[in-house]
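Consider the two complexes below, in which chain A is the common component and chain B and chain C are the respective partners.
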Partner chain A sequence: MTDFLQNCIDGVMIGSSYALLALGFTIIFGVMRRLNLSFGPTIMLGAFGGAWLYLHFNINPWLVLLACIVFTVAAGVYVERLCFNAIKRNVAITSMVSSFVIWMQLEEIAIHILPDRTSPFPPLFASLSFEAGPFYVRSEYLFMFAVAVAAVFAVERILHRTWFGLRLRAVAEDPRAAAYMGINAGRVSVYAFVLVSVLGAVAGYLILAADQQVTPFFGLWATFKGLIAMMLGGMGSLPGAIIGGLLLGVIETQSLWYFGNEYKDLAAYLVLFLMLIARPGGIMGQRLVERRRLAFRRV
Partner chain B sequence: MDAYHVTVLSNIGMISLIALSAYLLLVCGEISFGQQAYFGIGAYISGIATAMWGWPLWSGMLAGGLIGASAAAFVGALTLRINGFYFSIATLAFAEMMRLLLYVFRYQVEIGGELVGPDGENGFHGIRWIFENDISTVEFMWIIYGVLASVVAGMMFMERSRLGRIFRMIGQDDMLARMQGVNVLLYKVLAALIAGFIAGVGGSLYAHSFTYIEPQFFNVMLGVHGLAYGLIGGLGVAFGPLVGVAIDIGFLEAIRWIQGYRMIAFGGLVAVMLIFWPRGIFDEKRWYSIRRCLRRMCGAETS
Partner chain C sequence: MLRVENLVTAYGKIKALRGVTLEAREGEVTCLLGPNGAGKTTTMFSIAGILRPTSGDITLDGESLRGLGAARVVGKGVALVPENRLVFPQMTVSDNLHAGAFSRRDDRKRQRDMEKIYQRFPVLRERSRQPAGTLSGGEQQMLAIARALMARPRILLMDEPSIGLAPIIVAEIFRIIAEINREGVSILLVEQNARMALKFAHRLYLIQQGEITFSGTPDELGQDEVIQRSYLGG
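What follows is the complex of A and B.
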């Protein structure tokens, strides 16, 4: 029982990093109704930029974080302009394939920045671990969890309490109606990408700082973990992203503990596959699916 | 032709088959991230059939294709009722599940004092059909292109038939197709089945060409590359995917000095191309005007 609970705690802690990644995916999907496959690689490029500065100039970790954010935002805006803004809205496949080829491009650029397989990455604080009875947690993960919770509240506030949030929701609801109201959809989508890139860069920094190293596989890892977490929680739902991320973390740690390393990812994909068959909208996003299913039934 | 060129050309042929299978689903308006699963299933099944059970290549290939097709139909029947991105992610989840299962799949028999068969993460060694039958790599390349040509011819024939028209109609607007009395789910599952068969046959060729396969070959990058090639070549005609593959593997592989920067060049090129031609090089409109042009030229000659 203690093991099970400790696994749950570990899962929630690791899951908070997945939740942060899923948050970025879900915002972009909510606004654009398209999938941005190169979200992970933009974060990786930012992290490689930060790691390069750290390696060559040995700068303060806070400056590394800042550099990560700046590079990620630049890469994110590049992706938005090239793969999303320039391509018409009604061809969703094209944006996805376009973002995939840009992923390949960003990955190769990142490899040219840091040719080593792994590079060191500086943490913000020295690592501590807390113990409470039989359980223990690491401070990095606790911090990540706090950041994830704070990020959800911040995004919720931005979406529902600011003019930018109102415009964003208007574009997400009906782009044509939003255009008639004088909203510049292109600008809104750039701002959305900037917001998402900042979130992604913070998430990426925290994850890599917990590992203290960065590899070229991080782009793939971040894209897939974020995607799975988003689908589990429900596409386009903010609380869904958090719940999906935490759920993914718990599934992984439990299957790792009870079945071994080979079955860790297998269990996650199995749960995702079954979830998509039984309840495609995920935990929180069923409304969107139901609406379409109703429209189909009426025909 | 030296060994290097034969390898590159064989690769183009085999990757074209997975691109074709992704293309067929794209025509039906579905994006599959999981065609590599059927490619992998085809490779393993046909490898087991020829290397362990002593079947000839053709029956092994047919078995690989059929098992790939039935797996694809099974997954399609489960997941095609959910449309759009949900289907894409479901196929991705299935393909990754298959790949991770191959890591723990062990089935070996002793042949000639040596263990042969899939051995989890150590891969599947000794698919020696081409050595046992004295087939050179050049000859095997012709086998690959023979299969590819018949698949492309079959697909071009299908596209001009009623079936192909229904696939395109579903791809344009599945709601409208349903109003016309088309059973959308049935035809989508059929498309997934054909696509699975093509991918399975491609995988069988792959296993016999490389003689060694491991789960890592069939990761998501293979499937997404296939998908990208399908779109780059164009959704108008079945040889479009071949053009997509030839541009990346053929053209960019050939330019030596670009080696370390190949993906930077290819990625930028394709991203810009997709802005102007969002449905690929040979999209429906361009293919139609090319065909009209050809017909006029032929017509002028005969008259």
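What follows is the complex of A and C.
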């Protein structure tokens, strides 16, 4: 029982970073109604930028974090301009495919920046682990969790208390009506990409700092984690993204502990598979599906 | 005040408007009547900057609005109440109202405007924390009008405000429109409900297949037998 609870604690803490990744996907999906597959790779590129500066100039880890954010935002805006702004809303698949192409490009760039493929990545502070009753907590995971919670609250405030958030929600809900109100959807989309890039960079930094290394495959990894968490929680639902992320973290740590490392991802895919059969909308998506069903009945 | 001159708007190669000329005068309710597909909504969208006209001009007090884009047209004082209301269903009523005020940044004035709107539409105040999707059709129409008013328009473009509403609600909506108009907001109204339009409009335009085929006062329209027969059922 203690093991199980210990795994839950670890899972929630690791899952909090997945939740940030899923939030990134969800916000962009909400605003654009299109998937941005290259979200993970933009974070990876940002991390490579940070790692490069760290290797060559030995800068402070906080500056590495800042560099990650700056590079990720730049890559995110690049993706937005190329794959989303330049392509019309009604050809969503083109955006998805081109974001996949840009993914390949970003990976190539990363490999050229640091040809060693695996680069060391600096944590903000030395790792400690401390005991809380019968449980162990690693400081970097606790920090990850704390930052993720703060980030979620920040996003909530931005979405519900600022002009930008109001615009973003309006565009997400009804792009046509938003345009009639005079909302510039193009500008909203750039800012949305900046927002999710910052989120993604923070999540990426926390994960990589815990691993203390980065490889070009981190892009693939981050896109997978974010997409799975989003689908578990429910496409387009912000609370769903958070729940999905935490759930994915817990599933992974439990299966890692009870079945071993090779089953970690398998268990996650299995749960996703079962979820897609039993509740295709995801945990929070069901309500949306039902509402749509009700709407049909009314007609 | 608002003049549309020789406006041509096309969807691809198909011309939806073939040289529309009309004028909405200051302080008046101007009504654009016409059958489905005649170009009523296209005219509204062209004025509001949502569609880009191929030729012709749109001026507000002599200043051209053509090609400004929706955001800047709203800023000039032209707000649209779209057909089928198009409120943001999951956003609260108060967020919907704020969404109408994008063109303005002054918080205090906006707060005062909200207060005025809640006085005019007490039902919206009652429901201000509710998602707009939970409102009835009539309430949603009021919200759509209120949202457009938040932009402090000088002229309100209303696209079929009576669509899909029960007759008693339609009467209420038109009472509100008349009231807004009396307070100095000019109105350009698109309607299929000709009886209502005749009752409230100061000036009428009839549009058919992208062309204006009649313009005049409701009385003049009443005297035109052909139109009488085809639009008002004899």
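Methods note: the second predicted complex is superposed on the first by the 289 of 299 C-alpha atoms of A that agree within 3 Å, B and C clash if a C-alpha of one lies under 4 Å from a C-alpha of the other, contacts with A are read in each partner's own complex, and residues count from 1 in each chain.
Keep this in mind: a residue touches a chain if its C-beta (ideal position, glycine included) is under 8 Å from a C-beta of that chain, and two chains touch if they have at least 3 such contacts.
Being a predicted model, the structure only gives us computed values, none of them experimental.
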Among the partners chain B and chain C, which is in contact with a greater number of residues of chain A?
B
Which of the two partners, first being chain B and second being chain C, lies in contact with A:M32: first, second, both, or neither?
neither
Touch test for A:R169: chain B only (first), chain C only (second), both, or neither?
second
Name the contact category of A:C83: first (chain B only), second (chain C only), both, or neither.
first
Applying the touch criterion given at the start, work out whether A:A75 contacts chain B, chain C, both or neither, answering first, second, both or neither.
neither
I'd like to know which partner A:H112 touches here: chain B for first, chain C for second, both or neither.
first
If we overlay the two complexes on their shared chain A, which of chain B and chain C does A:A222 touch? Say first, second, both or neither.
neither
With the two structures laid over each other on chain A, which partner does A:V97 touch: chain B (first), chain C (second), both, or neither?
first
If we overlay the two complexes on their shared chain A, which of chain B and chain C does A:M181 touch? Say first, second, both or neither.
second
Please report the chain A residues shared by its interface with chain B and its interface with chain C.
none
State the interface residues of chain C toward chain A in the complex, per the touch definition above.
48, 50, 69-75, 80, 82, 86-91, 95, 98-100, 102-103, 147, 151
Quick one: which bits of chain A touch chain B in the complex? Just the residue numbers, please.
29, 35, 37, 82-83, 86-88, 91-94, 96-98, 100-109, 112, 224, 227-228, 231, 235, 262-263, 265-266, 269-270, 272-273, 276-277, 280, 289, 292, 295-296, 299
Please name which positions on chain A make contact with chain C in the complex.
163, 166-167, 169-170, 173-174, 176-184
Show which residues of chain B lie in contact with chain A when the two form their complex.
26, 31, 78-79, 82-86, 88-90, 92-94, 96-97, 100-101, 103-104, 175, 178-179, 220, 224, 227-228, 231-232, 260-264, 266-268, 270-272, 274-275, 278-279
